[in-house]
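Take a look at these structures.
What follows is chain A paired twice: with chain B in the first complex and chain C in the second.
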Partner chain A sequence: MLTVSNLTAGYGVPNILQGLDITVRPGEMVGLVGANGAGKTTLVRVLAGLLPARGGSITINGSDTTNVPAHARPKLGLAIVLENRNLFGELTVAENLRLAERAGANRPKKFDIPRIVEMFPAVGEKMAVRCDLLSGGQQQMVAIARALLLQPDVVIMDEPSTGLAPKVVKAILEVLRGLCSEGMSIVLIEQNIGIASSVTQRAYVLSTGRIVHHVADGGWPAFLHDPHLVSRYLGQH
Partner chain B sequence: MSMMLLAQACATGITNGLIYALVGLGMAVIFKGSRLINAMHGELAVVGAATAVYCVEIAMWPTWLAVTMGMLIAMVLSTLVDIGLVRRLFNRNAREESFLLLTVGLGFTFSAAVLYVFGREEHLLPAFGDEIYEVAGAIIREQTIWIVGIAAFILIGLKLFYKYTDFGLAMMAASIDPDGAATTGINVRLMRTATFALGGLMAAVAGLLVTPMIGVSYQMGPILTLKGFAAAVLGGLTNPLGALVGGITIGLLESLSIVYISSGLKDAVALSVLIVIMILVPDGILGRSGRKGG
Partner chain C sequence: MKYSGYILLAIVWLALPFVLERHAIDLLVFCGFYAVAGAGVGFLLGQGGIVNLGQAAFYGLGAYSSAYCTVQLGLPAPVGILTGVVVSLCLAFLIGRPILRLSGYFLALATLALGIICSNLFYEAEFITGGTLGIPGVPKLSVLGFALDTPTKFYFLIWPVAVLCVLSMRSLMSSRIGLAMQAMRDAPEAAMVLAIDISRLKLWMFLISSVLGSVAGSLFAHYVGFVNVDSFGVERSIFFLLVPVIGGAASPAGVLVGALFVGLVPEALSVLGDIHRVLFGLALVATVVFFPDGLIGLLKRLADTCIPARRQALKMEQSR
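Moving on, here comes the complex of A and B:
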């Protein structure tokens, strides 16, 4: 379970994130949507520990991780798939996964390589291939596989659909749905409102560093049919 | 020109080239683990060798203990540079030129320290062995055999370390993508410090191997850095095997220039040929596929 309370952060003055409150329960897939510049990527970097929080708190499974270094957060059950995937391009797929397996070795084991290959057959076929030689879709699958081998309870996915073919996006979303049904918490950060509304139960709408709207469980149809809300906060029609 | 002279030129070129390669290997290790050009690498080699000389000549220690101390001091010094200075620059998001300037400045500082302690004289360490062999008309000293053996040992050791140990793999990952590494549970700062420690150790090994053949002095650092850097770049920069090939190429070019052209032009000829090679194969002699190396 992930709880973010009154979180503030930024790179200069003023803060980009201005007091965010977010809660994600076990087995939930929650969306975090917003237009460009809303603060989504800043939030991801703070959750990952790559940018320090200036105020507020981040709690994972009851443990305060606000000031825990980035490399120690996977041990507490958090995995992040960054927007540009951040694979180790000069290493093979197998080497990328081996590093994650090692980091997740002390956590309760939910995923191993055979299971990953079953979920993403394309990953299994490319084990000996350098990651920088993979297609965008294959790279995204490796990035998700690497995150899962950390044996997380909470996964943050930053714009997983960016630059991918609809067929690949559909396959990835299908995997995410399956993970939620096993009790994993997922935060799906998306600019594409269509994708977010198709897989998440509820969502937070982020605008200029603030949560400006909460789409409650079952509230997506009403939100999508309110052109005022969609265009105001997301700049979409 | 006799075949004997050619054989001798090749033997000398390969010996010198292996020294450049050992310096280049250390620079490749640091670049591989931190993406930084360590412009003080030759000076670290000098510090390691000078420490061993001090322990033998002044403290009268046995050679093996003096050599161990030389390696230890270079390793500790390199580690402290990372912890005390490089880490601070990283924290301030410094750019590549800042790191380059830092290591250039430290290189001058180390040279000045060696000058202060040892003066301007050159100092030799005892050779690992005094035997002399004749191969195809060329005279080869036992120290050369040691250099070849140790270079091969280091190369194979690095290959196995990066390929088969989790720690070696994590060191590479931390430099390739620090954010990706941190979110995969890798302590990026620790990996960079380990990289600097390993690089310092390798610099000392190069300095200690060359000192029984060429006396160590405060002026030796920059030329070792330059030739080692050229060897590493020629080999693809992240590839230890490439640094070996690059070092031997430079050594042979220098040595053949002395025999066939003029000793005064050896550096000009060798470095000119390197420029041509780099224009023709910008990813290094072993090409793009060799860049990962190991």
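Moving on, here comes the complex of A and C:
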């Protein structure tokens, strides 16, 4: 469903991403973990089309999207939840959702606003409220709802747990699990290894722009019990 | 009751030409030109966050197109106005595509460069523009055989045109495209990942702005009957930018207030002698510092405070 091959990208002269290979299959939630500065957000920007790839390829549902502009990628089945939610603060929740609904109108319909409200009741209660007046958790839910209304096959979520209460994080992760069981592929970019290991089947460990370790399906316990690996790549104990 | 304020404004507007001197009406007509051209600049600024310092280029293209078509080619005035619009659209399309990739100061500087280049071209292209001599004898406009040959008659054309522009902007802003524009302004990258083609959106906005500049320029040419390069310099572009900045870029109605301020305040201050330019500068700074939402924001706050119905509506909104 999502295949990244030998991807290189960067801002200045040296590449930040140095030959990444990632594969995500349908219905899979894959983690991408790494410490600050590992290149996680750069990867998200390249996948979104906000930063051009310098080499390699990105394939979604078999279509090469490497050079497809950012605004055309949702039509191919890709949705991104950017770091810090990036909602349109001056617009209401309903207006934010309506924009996404319209953008996803040409794709096979899996989500509509009533279903979104069922998944996130808090969103339904705040439809007429400006997004910049919502709490962090509510904003994150709107951001995910907005991504789902694009009717995607693959969702990339950049640090969705940042700044949220554990209860809210738990609720969001539950929703993500449910989406995977319906066949959606999710790439969860996380710095918090606890969250990543609790919800993803497998993960790629990113360090200084390279995939330095692959946590295979069922391999989380072994990884977490290897303090050398965890501290070396994630700076956590 | 809901529309009483608008009815009162309309009555005042209708009565003004009959109580004011010719010079004052003339000033109000010029305010109308500023409002139409400024509506384009305000639209770019308020909806796209784009600072356009080159609107005088389109204003000039409209004016010269009308003057050239009517005086040199003997074509009817509407053909001249339409030619100005087409030429402006072509220029905006050709220039807009590369410069709208820029943002912030760089984009503002690019529009400034456009204004300077066009101003020089107006000066150099004597065979069309008449250079420093300009093009005299631009005929007065006539609508359905009714010649608009006095400031009063033109006043009754230009202000409805300005209000129509403002209403069109307002209706565009509340449409789905308007939502996309607001999204682009709030969070451009989020807008892109939400399938909004912001390059195309910005280009559309630039094209709309150029049309308004051109129409204002054409009407100006027919009103004054003479065009020359002095009317289309950088100073004019700054004037057009001041219109939404002073009036309030977020609200289309702000450009009407801003145009009145920019057109009338310097004239009012001129009775104080040479110091009036300094005072006007101070007035601009004070307006921007004390009323960041523009004068329309101040008027709205005053209305919310003074009109009981609005006060009540505001309270209800706050309590929700």
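Assume the second predicted complex is superposed on the first by the 237 of 237 C-alpha atoms of A that agree within 3 Å, B and C clash if a C-alpha of one lies under 4 Å from a C-alpha of the other, contacts with A are read in each partner's own complex, and residues count from 1 in each chain.
One rule holds in what follows: a contact is a pair of C-beta atoms (placed from the backbone, for glycine too) under 8 Å apart; a residue touches a chain by one contact, two chains touch by 3 or more.
Being a predicted model, the structure only gives us computed values, none of them experimental.
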| request: After aligning the two structures on chain A, examine chain B and chain C and state clash or fit. | output: clash
| message | In the overlaid three-chain picture, which partner chain does A:50 touch, first (chain B) or second (chain C), both, or neither? | response | both
| message | Looking at A:100, would you say it contacts chain B, chain C, both, or neither? Reply first, second, both or neither. | response | both
| request: For A:86, select first, second, both or neither according to whether it touches chain B, chain C, the two together, or no partner. | output: both
| task | Using the touch definition from the top, say if A:130 reaches chain B (first), chain C (second), both or neither. | result | first
| Can A:150 be said to touch chain B (first), chain C (second), both, or neither? | both
| Touching both chain C and chain B, counted on chain A across the two superposed complexes | 48-50, 69-75, 79-80, 82, 86-91, 95-96, 98-100, 102-104, 146, 150
| Where on chain C does chain A make contact in their complex? | 176, 179-180, 182-183, 186-187, 189-198
| query | Where on chain A is chain B touching in the complex? | reply | 48-50, 69-75, 79-80, 82, 85-91, 95-96, 98-100, 102-104, 130, 146, 150
| message | If we count contacts the way the header does, which residues on chain A are in touch with chain C in the complex? | response | 48-50, 69-75, 79-80, 82, 86-91, 95-96, 98-100, 102-104, 146, 150
| query | Taking the complex as given, what residues does chain B use to touch chain A? | reply | 166, 169-170, 172-173, 176-177, 179-188, 238, 291-292
